[in-house]
Each structure stands twice: as structure tokens, then as C-alpha cells.
Amino acid sequence: MARIGVFVCWCGENIARHVDVEAVASGAATLPGVRTALSYKYMCSEPGQALIRRKIAEEGLDAVVVSACSPHMHLRTFRRAAEGAGVNPYRVEMANIREHCSWVHHDRGEATAKAADLVRMAVAKARLDRPLEPICVPVARRVMVVGGGVAGIQAALDVADAGHQVVLLEREPSIGGKMAGLSETFPTLDCSQCILTPRMVEAAQHPNITLHTYSEVEAVEGFVGNFRVTVRKRARYIDVDRCTGCGQCWNSCPSKKNPSEFDYRLGQRTAIYIPFPQAVPARPVIDKDACIKLTKGKCGLCAKRCEAQAVKFDDEDRLVVEEVGAVVVATGYRLYDPRTPAAADGISGYGEYGYGKYADVIDSLQFERLASASGPTAGEIRRPSDGAVPKSIVFVSCVGSRDPAKGLSYCSKVCCMYNAKHAMLYRHKVHDGAAHVFYMDVRAGGKNYDEFVRRAIEQDGARYHRGRVSKITEREGKLIVRGVDTLAGEAITVEADMVVLAAAIRPAEGVERLAQKLGVGYDAFGFLSESHPKLRPVETNAAGVFVCGACQGPKDIPESVAQASAAAAKVLALFSRDELSRDPEIASVNELTCAACFACERSCPYGAVERAELRNGRGEFLKRTARINPGLCMGCGTCVAVCPSKSVDLDGYSETQVYAMLKSLT
Amino acid sequence: MIEALRELARRLLAEERVRVVIGYGQSSPQGPVHPLFITRAEDAEQLVWNRQCFSNLTAYLTRKDVRALGPAAVVVKGCDERTITVLEKEAQLERERVFVVGMVCEGMGDPGLPKCQVCDRHRPRLADETLGEAVDREVPALERYAALEAFLARPAEQRMAYWQEELARCVKCYACRQVCPLCYCERCIVDKNRPAVIDTSATLKGNFAWHITRAFHLAGRCVACGECARVCPVGIDLTLLNQSLARAAEEAYGFRAGEDPRVEPLVGSWSPQDREDFIR
Amino acid sequence: MEILPTSGKALDAEVERAVAACYQCGKCSAGCPMAEAMDLLPNRLLRLVQLGRIDKAAAAEAPWLCVSCQTCTTRCPQSVDCAAVLDALRQIAVGRGLVPRRQQRTLLFQQAFLESIRRYGRVHEVELIGRFKTRALLGDLNVPLFFKDALLAPRLYRRGKLHLTGETVRDRDLVARIFARCRAEPETT
Amino acid sequence: MEIGYYPGCALHGSSNDYETSVRACLSALDVGLKELDDWLCCGASAAHSLNHKLSVALPARNLALAERDGMAELLAPCPMCSGALLRAKAALHGDARLREEMGEIIELPVAGSAEVLNLVQIFERAGIERIRERAVRTLEDYRPACYYGCLLTRPPQTTRFDDCEQPRSMESLLSALGAEPVDWAFRTECCGAGMTVAREETVLELAHRILSDAAARGANCLVVACPMCHVNLDMKQADVARRFAVNHQMIVYYLSDLVGLALGLSPEALGVDRHFVVR
Amino acid sequence: MSQNNGFDPKIIAYVCNWCTYLGADLAGTNRLEYPASVRIIRLPCTGRIDFHLIVKAFESGADAVLVSGCHPGDCHYTAGNFHARRRWTLFRALLDVLGIEMDRIHFTWISAAEGRKWQEVVTEITEKTKALGPYRAYRRICEGGA
């Protein structure tokens, strides 16, 4: 039989005015299992807590009911007090007779009666409280950062500098991400590569950072503090350790006419290549579909030229397992493809703009390459079709963005800024060129952002037209752009030499698959979901998995970097402890009676339910069963509700307890 | 058709594609039709097929003893076959270990059972092999739920009175549970104590609790084979309860249990757009 | 597409609802083949409707210049059925006598067109052109047109493309009944 | 195969050359046409401009007739007609109230079940491969500019035909028959035909643009699948010439004309001689 | 509030810990008065609230039941209330066919900020239940007799 102490708080007048606390206490004293019941003016005060501790000692109490305010107010306080006197903190209950009673019921009779009921319920529950120990899981102080763009690099360096191991994963042959391909950055117009490349090198050389390029996440097991991530290292056909990056191989490769991914098909590369001169690591890969040796068996020139003998045509994908305590997702973005066939995954294309049909209709990342000193035109603005310098360029905003009819309803946030930047760069490079920008709204919120846009308009003479473009056609080498200026109230037609589409920002290819492996949610567009839009912006609902950068939503560089540092801070906070201790009020399965229908598995928001096998002492198979992973369970109890045989129960809110509370009211 | 069935059974057993064929048998031409388990090809001619093949044989697929025999073939009607999908979704069987023999069915009993009057699945669709020729008749949902409609036309007090009267007769024999192919729990919730969720006494209170539980546990799962009502010794029309849930599922979520193997089970999945007109 | 009421405030409400989603990107105007000829661009008509100034929108010439090519509807990012809105504006204009004088011809033509259908169930071109031109003539609207098409007639005729009498459906009363049942209710403004 | 046929007023009026062409061409492909009995005018743009309810009722009546006579498919070579029929279908679909209301108005139950096909779709049904096999001559000396106009593909949610911005169906049919379609800018631009009679002057401008671009791209003929486009670009070419002082002399074929020629039919049999602009 | 006097309805409220319970707290902090008829049972999430709890409430003599949690999208556990919503939709259909008095079962979304809404809901439910009187039909069921 439990030995419960009931402590009724007056909260000064707050409770006592409308509730006869003495009556409540004396009533409680008669309840089964209650050893002592008394009232005091301020239970949360130090003397009040002392009273509780003394009574626990005197009466040898093993459970405590404090009848006072909301548990959200003081449950912690009283748990600590009771624990101090040797009572298991999870055997402390509160009856909320203030917020839910004295403050809202002013008829003393009714209020007192209800208070008595609330205490009765709390006692009934306390009687059945099991002593619980907080769940402790050891933390592997090692983080995996998925994605080696500016966000991933930032997060990796922050954690590494703090002295923890980092595994940095990049799908492409080099880290650097989209930013490495940008020309100059708004609003300062400083050179993108000049900012980024030192950081790339730093990351590669950092003693605490292990780099896996040309690699992807294959599988994820485990939970916060203890993830086992299987990484697929794609065949590079180069022995990275032997290779010196001398360049003999790619200079000798006869297969030269392959579209360069890094230049978004505007430039060409050899079959054995480094994506761009400042690539990190400065080690080539072989494009197995373009390599003559690998496709036809002939050639092999690169191998002959390689003094380090680093070329290995028999290379294969390798799987490596990394044990980490946390994961930071920084997979970034891709641009919406205006050629998208009608209604592929609900998203359709812009046939009316002729992207992919007219060589001189390009997207904004392609323009970045044209404007970049390291680009295919060495920074001269020349149009793809004939290499001529365009005398007029039309920049079209919101291609895909803010276009529910095409399947994307959101604003891509950064296009307004880079459109202004593109117009500026173009005017700086081609003084007699006309830059037209079609926009719906100019969204330039941010430090020195609007000033930047004004500069493009006022000083650099970009011509802004408020309205969408309806159709782009081509005649005698000119692109005929039919748009509108709703401010002038006129439909206008511009004859342009080149058109740049500010295509929407979409999450990187395949991020949904990664999210599923990690148990992270994502929205209808594939952007990863943070656990709270305001208070937990870089955490996810998968404990130990954090997000930063454009994988969570369209972002510019400063925002991505800020978020990356935030994610790093969260990781460091996690790593500041040897063990994670978590609230033990979680679910558990009666594996003997479980029917293994896995309704719980389907309804668990945290993927905390595993399919397991029940075996006897001799390890012989008895039956299949659901099993809760205590590391993942957050204790919502949805599984309890859906279990047909009620083989799951939830500590702290057990079936027995709820029924007992109901019974106490009859 | 019978011959085709027997031939198929023979082949499956002979080629050892299955270890047991679960079908219908009849001790004497007039005798009652009963489930028949054949493990040897030569016994195949004991199989029968007529308008008395009421029971939903998929119920046996989850039985320990049957599973022990190895891969099974099961004879199903259009109405029964949906059970297979549900069971598969609930990890109670591996579809590839079951050979489903679909029988085109013109209705059971003479005259046909109520469910057969409104059947829109004379020809099984999910079977591995289907015997017999017939076309489907699309039955509008309204027609399928006509009986329920009629019952719901009565005022609430009358409905309550009806059930108090009906359920008072329940003797808690649990035949409804035994026969249900989807009641496969090893320990049924009624047998749970500490705490007892359901009052096990055959009182009105206990009976309400039981039948509410039985019906709701079939929410989004019941395939309307109607066996529970057919076997009830005191003749309580349990299909009314099952139907109310089935219709709600169809109206609110366009969901029919077992209809489409690609669709996730109704309970345990959700959509932000789910209706909530009743929530304030 | 849902069927709009044919007139009255109910129609106003429908039309306002139909344009609620418009965010004034102007793509309708940008693609409109008749934009140059319009006094108010489609996006402005929609804006007026959004502002509750339907009558002003209906009184414009633009709706009568619309060739119903559906380009606006097809390309609208917000899936506003712009072309249908212009249809509705025309109907409102007729119902409230707001059709601008210069556009009466279009109205006359379309009325003549419907008249022909109501009478015969099919269009009688010669009679249609005739009726339209004479009406236009009487209304003294752009008279020269009359002679212009009169010149065309023989060219058509020579190619056996002109049937002086057109086809007629068997049950002409049915057609009349259909028209009667579809007649616009009187304005309740 | 036999298929329901809704000619519409134009094909029985000033565009009877189109009907001649369609009929001749399809019979050469053993596609029988069963004309919809006692069909009504679809109401064209006049109806949806002035009376929305009527613009549903008239086509609904025709759909009802098709259902009554058990026609599962209905060919409407005039995109204005097919457009009206399709719009009515869309409106009736999934709106029991409207179906009921219309049923009373048109005095026939209507479900809107009949499938409405345009001319290109019929050829696709007949099978481009089969047409190629039947072809007795190639169209190699034809460099057509395929002109879809507006209503053939728009609005896509009702027409559900080809890509409304970059359609290919006419090109692929004709190039299969040896023609060399040119790539040009005005394939889906509107010619303003809806306004030819009432607002001629604005329309000639559009027609001129279209003819000029086609010529500029080296097309030696235009191909249309719409009677109004044809009137506007063929008959009115003289007026265009007069107004803009440039005689395009651009022959405007119906799609069925070229297919028919490939199948060995004579221009006369196809009614090509009744066009205004001729070789 | 004394129509149907003498009868104080007994109302059981199952509420989630993160939204509605805090909403009720807020009502208290703002001293929003309402009838003392409701007994709150605090559960982590509406996802935990199954139909047995509703049946049990009536078995233990409740005249009405209130089930309340976070608004869709606000669930502390991201999806608990979505799961609950589906189950309730179905369960109501079953109760309806059984002739259970539907206006004795109430479902609401009440956020931590909606103290006012909590006050309104409890007041209304109490009035409604008073008007209906004690739930005799279910008492009869529990007494086992007709």
C-alpha cells in the first residue's frame, strides 16, 4: 500500500479565498493510501518545500501529491524537493486547484468540492505511479554534416574548431556547392570564390574533419547520440591518396566535349576532370559514361601519363560506416527546371518561355557562370548561341516561384536580389547594353538590400517593368519577349539578345529519400521541416538531426551561414554532455501479448517502434512483436490508443492510472 | 467450375507450390458446407463449390496450426478477398506465401444474403487465379448502405432502445470474434485485466463495451463479409455497426477496406486536409 | 468550371469570388493578342472587379475586344479563369445597358448570331450577316462594312461556299424552349 | 471504325470545303462518320459572351443526343465546337445538380459521357503508322507552318490535348508523311477569327503577323485544323494584302488536305480548289 | 445558471498537456470564471485519447465528455491530433448508429493562448448538458437493466 502525503497550498489568498483548503486537506486525509494531509500558506516557498521534505522523512512517504497550482508552474520544483528527501520524482503528482479552480470558480462551495475531486484524482494517480529513472544514452561526440556547400562547410568548421570530430559528406567530386560557382555576391559585390575557397581549403585540412566527397548517405540506423550512418563512396577511378593533382591526366584526355556540370552545360570538360580549378580535394574523377577506356576499353592515356599511378579503372563503389552522435543536413538547393514536362509530381514547366528550345534563354545560375571570371567566357557576357555580346538582356523574375498553377506557390526569396545584381554586373560589363527586369514585387528585406536594388535602378539604369512575361519567341536571332508593365498599364514587347530566367529554388534532388532515412519531415515541396518555425528553427523532430541552409527553405548566403552556425551550436550543446538524460515517461510494449499488427509503428510520429522477434532463453524464436526504442520515444501515447489488444502502455499516464482517476470520481 | 477448382488444387499440391489448400467441403450432398483443409493432391475432389460456401476462409490463414503447414492456397469469394489485403498490410501474412484462388460468385444462400444483393465484387480482382466468368455490377454506395440508411432514419432514442434490447440478448459467446478473419490478436482485449478495459460479465454494460470495441477495432478494416452477424447464435445484426464505420470511412476518406493494396491502412495514416466539421 | 448565374448581384458576387485569387502579375495582359486595342487591360478589369467596381469594368470597351482565345486563362499563375470573367462582364454590361456605343456592333453581331440559332437551331450565315449589317446600318455604325462584305459574298458564292438558305433543325420549338429557359432573369440591382 | 460526327454550322456553311476534305480523307482511311442526328449549333462565342447558361445548354443538348444514339466518341473538326462541347462536359462532370437542371432545359437526360475528339486526335486514333503505310506519295515538297491557333489546345484543363505551349502533334503527323514542318513563333497565337466579321480591322493585323512569320521561316504553306482560322487566313488574305501592301500568297491547307494528298486524293476531291489562295 | 436546478452535470474533459491544458491555465491566470462542472484528465496528447476513454467516462457516470487538444499543425508531437481526428470521425459514426446522444460528446481544438475559448466551451457545454439532464440512458445500460 502506498504511503502518500497530500500537501494543500493556500497560495496566500489565491487559493484560500475561494477554496476551503483545510476542508480539502482533512478530506484528503481519509483517502486510501494517504498517510498525512496538511495545508500551508506557500508550498513552493523554501519553508513549504522543507515541510514536504520533513513529512516525507517523518511519515516514510513514498509518494507525494501537491495540491496547488499548474504542474507547468511547479511540478519540477516539487519533484526536486521530494527527490531531495528520497522520493522518486516520478511519484510526485499535482492537483491544479488554482488555475483550474480557485481562480475560475468563485462559489466557495463549488470550488471546494471541485478541489476535493482534483485531489482525489491526483491521489488515485499517485497511488499507481511507478518509480522511474531518467533514460540515459551515451553520446558519440562526432557529427556528420551532409552537404559541403557554404552552410555545410560553416557548420563543419564551427564544430571542428570546438574540438569535436566532423564527418563532412559531399555528393559532388568537390566541396563548395552552389556558391563556388557564383560570380559576385550581393549586396557587397565581393567575389564569391574569394570568400569561399579559403574556407574550403580550411575544411579539407582541418585535423578534426574527415572529408567524403563523391559520396552519399546509403542508410541510417540508431538514434540521437548513437547514429550508424552507412556512406556510399562512389567509384572515382582515382586513388586519391596517390594522386598529386598534377593535371597530366586531364590535360591528356582525348574525350573533351562533355558538358560541364559546374558550368551548367555552358562549358565543356574532359572525361577525367576536376570540376573547377579550385576544387577541393584537387583530385580528379573519371566520368565513366564519357571515358573511352571505360566505355570502349581503348585509350587509357591518363593512366599512362600518371606518374603517381593513381588511375584505377577497376575502381568500385565502397560502403563505409560512420558512427556519429548527431547529423546536420545541409543539402542545399537546385533550380527549378522550366522544361519540366507537364505535371511531373504536380509541377509543370514554362513551355511559353522556350527554355531548352532557344539557346539564349538561360537560367540565373548559368548567368552566374557567364559573369564569373572562372567561367566558360572568362567573365565576359557572351550569349551561348553565337558567342556575341548581348546588347539587351531581359531578366525574368518568379519563374516557377509564386506560381501555384505550375505547382510552386512559395517565393524563392533571393531572386529579387540577384536579378538586381545581374542587371548591375551586365551594365558594368556592357555599358551600352539594356537590362530589363520583369518583376511582380521587389522583395529586398535585409541590411543594405533595398539600397542595392535602388542602385541597380538609379545608378546602373536597369529598367524595371512591373509585370510577368507571358511569352518568349525567337525571330531572326532576336528573342521577342512579350510582357506587361502594369504600372504603365501597357503590354510591352522587348526585343532581347538574351533572356535570363530566375528559376525557383527547389530542394536538392533526392532530399526526400535522405529525409526518410533520417526520420525528418518535409513539406509538399520537399523542404525539410524544422521542429518549431520560431523557437526551434534548426532542430527537427528527429532528435539529434539538425538542418541548415536552403534545404529547409530558400535562403541567401548570410542566412544559410547564420543557420549553419546555429546548427553547430545545437550540436555542441548536445556534445557538452557525456550522456543524454530524457524524461522516462514513455511507452513500452507487453511483448507477450502483442499481436504484431504494427498499428503502433504506422502511427508513431518518431519512428520509435521497431519490428522485433521475441526469443526464449535458448534464443529460439517465439513470436514477432513491436518494440519501442526508448531513445526515440517522446511519450505522446498515440501507440497506446491504436493498439487493439492494449499491449502498449505509457508510464506516467498508464491505463490503470486513467481508469483509477475516473473511478475516484464515482 | 468445381472441376477447374479441383484441378487447380491438385496442381498446386502436386507441384508443391503450396502445402495446404483451404477450401469448402461437404460431408454429404445435403450436409452442411464446412471448411476443408487438403494436404494431398488426391483429396482434391472432396472440394465443393455451391451457394452454401458462406464462411470467409481467410480467417484460417493466421491460425498458428495452419501457418505451421507451410505455404497455403485459399479459396475466396469477391467479398472475402479484401481480407487478404488487410492482413498483408497488418503484417499478418506474406502475400507471396499465399496462393489466392478467386471464385466468381453469384451470391450465397437462397435467396442470396443481404450482402449479396448489393455485392459489387462478383468477380475477385486480387486473386492469383480466378475461376468462372461474370461481370461486376457497380453498386452505388447508397445502395450498399441502404439497410444502414433505413436504420438511421429512426430517432436516436429508438436506436438506443433497439440496441439495449438487442445487446441484452448477447451471451458473450464471442462467436463473432472467433469467426472474424481480422480478430487475430493472441490476447483479445476483453481478456486483459489490470486494468480490465471491458466488463467481461454478460451484463448490458459489458455487452455495450464489448460490441463497441469489437466494431471499432474493425474501423477501416472490416471487409463486410458479414460472418459475425451470420454466426451470432442470438441473431444480433452486427453488420449495422460495421457498416456505420465502413460508410464513414468511404464518405470521409473515400476509403474501402482491402480495396487497394497500395493504400495505407485508414487508422494510422492521416492527411492535414482530413475533415473536422464536428470539431469546434 | 461552374455555371454562373446569368445576372444580378448574385453574378457580381460570383465574379468577385472568381477574381479573388488575382495578384495582379499582369500575365493575362502580357499575353493578350488584343491588348493593344484595349482601353483597359485585362488585369485592370480584374482589379476593378476586386475593388467592387464591377460596373466600371463592365462599361469598358475591352471585354468586347476579347477574342476568347483563352490565353489569359491558360497562363494565369493563380488559375483565375480570366476569359470567363470577361464573358461575365459582357453579360453584366448587356444586363445593365453599359455596352459602350463603339462596341454595339459586336453586341449586335452576337445577338444576331444567337437570334439565328434561336430561329433555326443553326446559323444561317447570309441571313446573319444581312441582319447584322442592316441593324448596324440602322444604328448607323460603321456603314462602309456593309458594302465590304457584300463584295465578298459573290466570291464565296462562286466557290459554292455561300448557301442563300441555311439548314434548320427539325424541332424548332424545342430550340425556342431551350432559349426561353436560359433567358437571363431580370436584373435585381 | 465508325465514329460520331458533329460538323457544326461552319462546316455546313462557308467552310464546307473543310467538311469535304475531312470526309474524303477519313473515308480513305476507312473511318466512317455517323453524323449526329438533328444537332444544334454549339452557340460559339456568342453564347458564352452573352448567356452563360445557354453556352452550356446548347452543347449539352448535342452531348445528350450523342448519348441517346450510343455514340461513345464524337468528332468535332471545328475547335470552337469541340471547345464548347468540352467546356459543357467539364461543367456537367461531377455536378449532379447541373446535370439535372440541364436535363430539364434540353429535355433529354445528359451525363456528358461522350468523348469529344478534334481532327488531330482522329488521325492519332487511326494510327500515324497506318496512315504512313496507306500513303501513296510523300509530302517532301511541303514545308508547312503548323498553326494550332487558340482553341485546339486551350484551355488545357478542358482540352487535355498536346502541350498547349509547345504542341507537336501536327508536326509529328506531317513529318511522318514526309513533310518538313518549319519551326515558327505563332503556332499557338490567336488570329482573332472570333472577331472577323464584327471587328475586321483589328483582326487583319493579327492575320498579317502570322502570315509574315510563317513566310519568314521559309514555310511554303500554312496548315490549320480550324474553319475560322482558315477563313481568316485564307479568305482574308486578299484584304491583308490590300491593307499591308504585301501579297503573301500563302496557301492555307486544312490538316486533312495534306493527309488526303499523301493518301493520293486529288485536290478537287479534298475541296482544295475551293480555297481562295491556290497554287 | 439554474435552469434544471438541483442537477450539476458531471463532465469529463480529456485534454492534451501542451495546448488545451495550458489554455485552461491561461483562463485561470486571466480569472475567467466558468462553471465548476468539468474534471480535467491531463494526457500528453490527443493522440493518446482512444474511444475506451470516452466509453469509460460514460460508464463512470459522466453526463458529457469533452475531448480537446492542439489545433491541427500545432501538435507538440507533430501528428498526434491528426491521428486522433481520424479516429474520432469514425467513432462518431459508430456512436451515432448506437443512438448515443451526440450532443454529450464534444471535440474542440483549444490552444495555449485560447483561455477565452476554454471558458466559452466549458460554459456552453455545461448549459447544454444541464438542458439535456442526466444521461439516464447510459445509466440504465450500466445498471444492466432496461
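Which chain is which? They are A, B, C, D and E, in the order written, and residues in each are numbered from 1.
FYI, a residue touches a chain if its C-beta (ideal position, glycine included) is under 8 Å from a C-beta of that chain, and two chains touch if they have at least 3 such contacts.
Note that the structure is a prediction, hence the values are computed from the model and not measured.
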item	value
Common touching chains of subunit E and subunit C	A
Other chains in touch with both subunit A and subunit B	E
Most centrally placed chain - per-chain CA mean versus overall CA mean	A
Higher-contact pair (C-beta pairs counted), A-D versus A-E	A-E
Chain whose average C-alpha position is farthest from subunit E's own	D
Intercentroid distance (Cα basis), subunit D paired with subunit B, Å	54
Centre distance in Å when subunit A and subunit C are each reduced to the mean of their C-alpha atoms	53
Between subunit C and subunit D, centroid-to-centroid distance (C-alpha), Å	21
Distance between chain centroids, defined by C-alpha means - subunit B, subunit E (Å)	34
Sites on subunit A at which at least two other chains make contact	352, 603, 642, 646, 659
Per-residue multi-chain contacts in subunit E, two or more chains	52, 79, 83, 87
Residues of subunit C whose C-beta touches two or more other chains	71
Complete list of chain pairs which touch one another	A-B, A-C, A-D, A-E, B-E, C-D
For the subunit B and subunit E complex, residues of the former touching the latter	148, 151-152, 156-165, 168, 197, 199, 203-205, 208-209, 212-213, 215-216, 219-220, 240-241, 243-245, 247-249, 252-253, 266-272, 274-276, 278-280
Subunit B - residues contacting subunit A, complex	90-92, 184-189, 192, 194-195, 197, 217, 264-265, 267-269
Subunit D-facing residues of subunit C, complex	1-4, 6, 33-34, 37, 65, 67-71, 73-74, 81, 83-84, 87-88, 90-91, 94, 105-107, 109-111, 113-114, 117, 121-123, 125, 129, 132, 145, 148-149, 152, 155-156, 159-163, 166-167, 169-171, 174-175, 177-179, 181-184
Subunit D-touching residues of subunit A, taken from the complex the two chains share	342, 350-352, 354, 357, 473-476, 480
For the subunit E and subunit B complex, residues of the former touching the latter	51-52, 55, 59, 72-73, 79, 82-83, 85-94, 96-102, 106-109, 121, 137, 140-146
